[in-house]
Amino acid sequence: MSEPRVPEPGVTVSIREIHRIAALARLRLEPGEAERMARDMSSILEHMAVLGEVTALEPSPASGVPRIEDAAWPRSEDPGGTGSAAEGDETMPDPLERPLSHMAPDWRDGFFVVPRLPGVAGSSGERDSP
Amino acid sequence: MNGSPLEAVIGLEVHVQLDTGRKLFCADSTAFGAPPNTSVCPVCLGLPGALPVLDPGAVDLALRAALALDCTIHRTSIFARKNYFYPDLPKGYQISQFERPLATGGVVELDSGRRVRIRRVHMEEDAGKSLHDRFASATAVDLNRTGTPLIEIVSEPDLRSPREARSCLQLLKLLMEYLEISDCNMEEGSLRVDANVSLREKGSERLEASTEVKNLNSFSAVEKALGVEIERQTRIRAGGAAVIRQTLLWDAAAGDVRVMRNKEDSQDYRYFPDPDLPPLVLPAQRVARLRAGLGELPRAKRERFRRQYDLPAYDAGVLTSSRALADYFEAVTACGRQPKTVSNWVMGPVLKIVKRGIGHLASPGLAPARLAELIALVDGGTLSAPAARTVLAGMARTGDPPAAIVQREGLTQVREDQVLEGWVADAVAAHQREVARYRGGETRLLGFLIGQVMRASGRKADPRRVNQLLRAALDADAD
Amino acid sequence: MRENSNGVAARAAEVRNGQLAPDSMVAEALEALGAWEFGASPLNAFIALDQRAGRERGPRDGALAGIPVAVKDNLATADFPTTCGSRILQGFRSPYEATAVRRLRRAGAVVLGKTNMDEFGMGSSTENSAFGPTRNPWHPERVPGGSSGGSAAAVAAGIVPVAVGSDTGGSVRQPASFCGVVGIKPTYGRVSRYGLVAFASSLDQVGALGRTVRDAAALLEVVSGRDPRDATSVNRPVPPLAAACDRGVRGLVVGVPREYFPPRLDPVVRRLAERALSALEAAGAEVRDVSLPHTRYAIPAYYIIAPAEASSNLARYDGVRFGRRCGEADSTERLYELSRSEGFGTEVKRRILLGTYALSAGYYDAYYGRAQEARAVIAHDFERVFRDGVDVLFTPTSPTPAFRLGERIHDPYQMYLSDIFTVPANLAGVPALSVPIGLAEGLPVGGQLMAAHWREDTLLTAAAAIEAELGTVGPPPVPAAGRAI
């Protein structure tokens, strides 16, 4: 399978594709909503096809980070060596003005709590994530 | 199936916690064992509007690691977001490096001579902790660990056996400890390892489907789990089936691996450059300064210790296991003491004192010059070796110089025959049964009798002279 | 034109030297607010209000002493909720405060309330708010623009002299244009984003809105400057902005990019823009035609990059640590899906899907990669034109005056096109400003100025000249209480 290098005109986003994307984004779509989104996205992507004409600057931007000559995009040059800590104790953690229990939807004994994750045994610390 | 023997192809992914004491993108402490959700701030909680700011101290440690692994350091590297949902991942993405890592293309050489290529070294933040046994049917989330600075060291699949994988990990650990990059405490998770393993016919260069084994939290787990997994893959192939790409979890209690997920349904992480963090551009000067500051690496130092000080391999290995210890040894030797004698003192009594927490290498009482003075007192006959060990403990405790302690405690070695002969006569008189057995041929009892004399002398008697006098007394009376 | 006596700088000075009671301006603000918000068709400019704001005793000090300020609801405040116009953050109180807000308070300003906005900044009309749309003070059936519509409406209605907004693709300038006030989006990196709830991090900037150029400049000066808590904020001295307003445009080179005057441009907008250019010329500026040839890629590039970043920035709204959680979820996966699906509005979901799509395996190069290349060539256009001697560019801010409520809400791409002239400055990171240039059938029209990086002073010089030549457009008539619409 080769990946398209440029947006293709006439591309349509299928309902199945919308569901795949929605699952990645943890959004649940109602049946009618999925169809509407597929239609909207297809029409929006139609307007994106013009990007296929762009002739990239040489050298091309580094991994998508814009290359703007006039340092509009700041660079971490010699981190720690630049900048003035005019605001006072900026290296300290920003203190929390109210306890976490005030904002947490479910808070017990100092922990955030969520329903038991599927497929995990009782041992702590193991995670089904990279 | 043809009969060609199979060989294992193993690569390691090692996560090392950087010993900066603070988080990678905010200033919270990373001290182990704080009450849950107390080492947190808006940044590592992923609160709306909070932004990461890179800790330059972590960059320096990561660079030291990459330089020690002989990597090419990239002038520009880029932090990327790895997007996935998990309750202990507060932002819904992990800040890592992907297409443009800090360093690539390194190598480490094992004691066996095997060269293991290092594919990349990159920086990333750790996630939090999910505890599944804290509450019934619920998962508890502690975000203290979130944002802890890590480097990931990825090796090429150049290892050929579980034993080799273990040595490689040991070597990496030694290097990280030696360079004071990490304490590498495996129980506390500051050194974590995953291994990729596949089998192929010997001599083949083909890449076979590999599995990834996770949760290897000790050296023996690495070796055992890989052994078990290699056996499992061997059985699958013997049965004519194909190994499929999977992520496996090592269950130390069961001594077995179990499937965590199939790689086929691997997640789509949608990596992209993190727009909150500008590209990390390393001035050449900074890298050069760090390179110069690395100094001699453990392997080179060990070789030099053997050559220059004529030390046995074992001594050279122990003394070069940390930079502080190696420097200490060299400083004492530089005071004019014989290297092997210094080595015995450092590896023995000094390390014992450090281990017991009585003192540490930087204690004023244990200053290299002080230890050299103490050794000189023993070499000159002023102090017996056993008394010297007592003095050393006193030095560590009080910070006083050895001569002062010897004086105060009256530990000067007694070498006058008149006095010694009195103690010898007392010992012979008090232990007639042992004397008789010695004379009956149980010569090993000499040691016991010497011990009695030493004790009577308050460890001040010259052991060599006691030996001679005791022997003379025992043999003479037998005639 | 010299500083007028009603400007915030002059009135703050009166507070500092005791001629004006510290809470008198806050009291005026609350009175104006009552007239606008409690009539038959309330503006709905505020999501949260502090009726007791600034009542604490004691003298006030600082450049904005006693000045009531409205703050867009996507800046974290410890004393008000911070909702971003979203159900998912309904009632959320941030346990910390944004740097820009801290700086405002340190300068003596009084935060009167939090203003309405399109959810997470995604929209150009302030209709995409969980708290209902904001109306345009000039016409109750028109939108105020967006996404900083609440801030622009509050300033236009004379409730506050200045307000804080944020601009990702025009969200300060376009509503400033629709409401007849001044709006500045500074250079990317000029103002700290710490505490600005992220929509698209590489494009977001905190901006200033004001009744006059000088008022907006006074606010911008207070919030500008490097913040060690934002790695993308830059350590550059802030030029004296008030002085820049008095400099005059003699000899200034004003570039007019032809791509911003397409044949379909609303004729009234075109005529007002030409009048403004004549005014600049009359004041001594040199006007020159120029070209920014890659402008047509701006909208497609923007609507890939911004949603891509948003899809990641909005992953933290998962119902685990704060914000809305769906109570019925029996598994963590369902908790995520239900909380997010109930919490986000349609436009936010649309953009999360678009952004997720653009970053996902198989599409990254074609969409996100291409969009970044387009962004680079657009930035290059600006570099070139400024290198060739242009000091400031002049364009319309938006192709049309304020459109009707509901007119574009069902056609996402039509809505996106109202940002067509404002998006390029965000992609290039250059500073830009919208200043009123007249009324079209009773609706304000704004002109946009864009300058090279870090040259906010040049923008202000040109804008002050336009303001002096053409005058301000406001304020709109205060509605009579109970007036029928």
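Order of writing sets the chain letters: A, B and C. Residues in each chain are counted from 1.
The rule we apply is simple: a residue touches a chain if its C-beta (ideal position, glycine included) is under 8 Å from a C-beta of that chain, and two chains touch if they have at least 3 such contacts.
Note that the structure is predicted; figures quoted are calculated from it, not measured.
Visitor: Averaging each chain's C-alpha atoms to get its centre, pick out the one most distant from chain B.
Guide: Centroid comparison gives C as the farthest chain from chain B.
Visitor: Applying the document's contact definition, name the chain pair with more C-beta pairs in contact, A-B or B-C.
Guide: A-B
Visitor: Find the most central chain, measuring centrality by the gap between its CA centroid and the centroid of all protein CA atoms shown.
Guide: Answer by centroid distance: A.
Visitor: Between chain A and chain C, what is the gap in Å from one C-alpha centre to the other?
Guide: 23
Visitor: Take the average of all CA coordinates in chain A, do the same for chain B, and state the distance between these two points in whole angstrom.
Guide: That pair's centroid distance is 38 Å.
Visitor: Where the centres are mean C-alpha positions, what is the separation of chain B from chain C, in Å?
Guide: Chain centroid spacing, chain B to chain C, equals 55 Å.
Visitor: Quick check: what residues of chain C touch more than one other chain, meaning two or more?
Guide: 92, 95-96, 202, 228-229, 231-232, 311, 315, 318, 320-322, 332, 336, 356, 360, 364, 368
Visitor: Indicate the residues of chain A shared as contacts by at least two other chains.
Guide: Where chain A meets two or more other chains at a single residue, that happens at 24, 26, 64-65, 73-74, 76, 91, 94-96, 100, 112, 114-117.
Visitor: On chain B, where are the residues touching two or more other chains?
Guide: Only 42, 45, 50, 54, 85, 87, 139, 141, 143, 268, 270, 272, 275, 277-278 qualify.
Visitor: Across the complex, what residues on chain A touch chain C?
Guide: 1, 3-8, 13, 17-18, 21-22, 24-29, 37, 40-41, 43-44, 47-48, 50-57, 60-61, 64-74, 76, 82-87, 90-91, 94-98, 100, 102-106, 112, 114-118
Visitor: Can you list the residues on chain C that touch chain A in the complex?
Guide: Counting only chain C, the residues touching chain A are 78, 92-93, 95-97, 99, 187-189, 202, 225-229, 231-235, 294, 296-297, 299-301, 303-304, 311, 315, 318-325, 329-338, 340-341, 344, 349-350, 352-354, 356-357, 360, 362-377, 379-380, 383, 412-413, 416, 427-430, 452-454.
Visitor: Which residues of chain C touch chain B in their complex?
Guide: Against chain B, the touching part of chain C is residues 74-76, 82, 84, 89, 92, 94-96, 98, 193-198, 200-202, 228-232, 308-309, 311-312, 314-316, 318, 320-322, 332, 336, 356, 359-361, 364, 368.
Visitor: How about chain B: which of its residues touch chain C in the complex?
Guide: Of all residues in chain B, those touching chain C are 42, 45-54, 81, 83, 85, 87, 90-93, 139, 141, 143, 268, 270-272, 275-278.
Visitor: Applying the document's contact rule, which stretches of chain B touch chain A when the two form their complex?
Guide: Touching chain A from chain B are residues 26-28, 35-38, 40-43, 45, 50, 54-57, 59, 76, 78, 80, 82, 84-89, 94, 99-100, 127, 129-135, 137-143, 189, 215, 249, 260-261, 268, 270, 272-273, 275, 277-283, 286.
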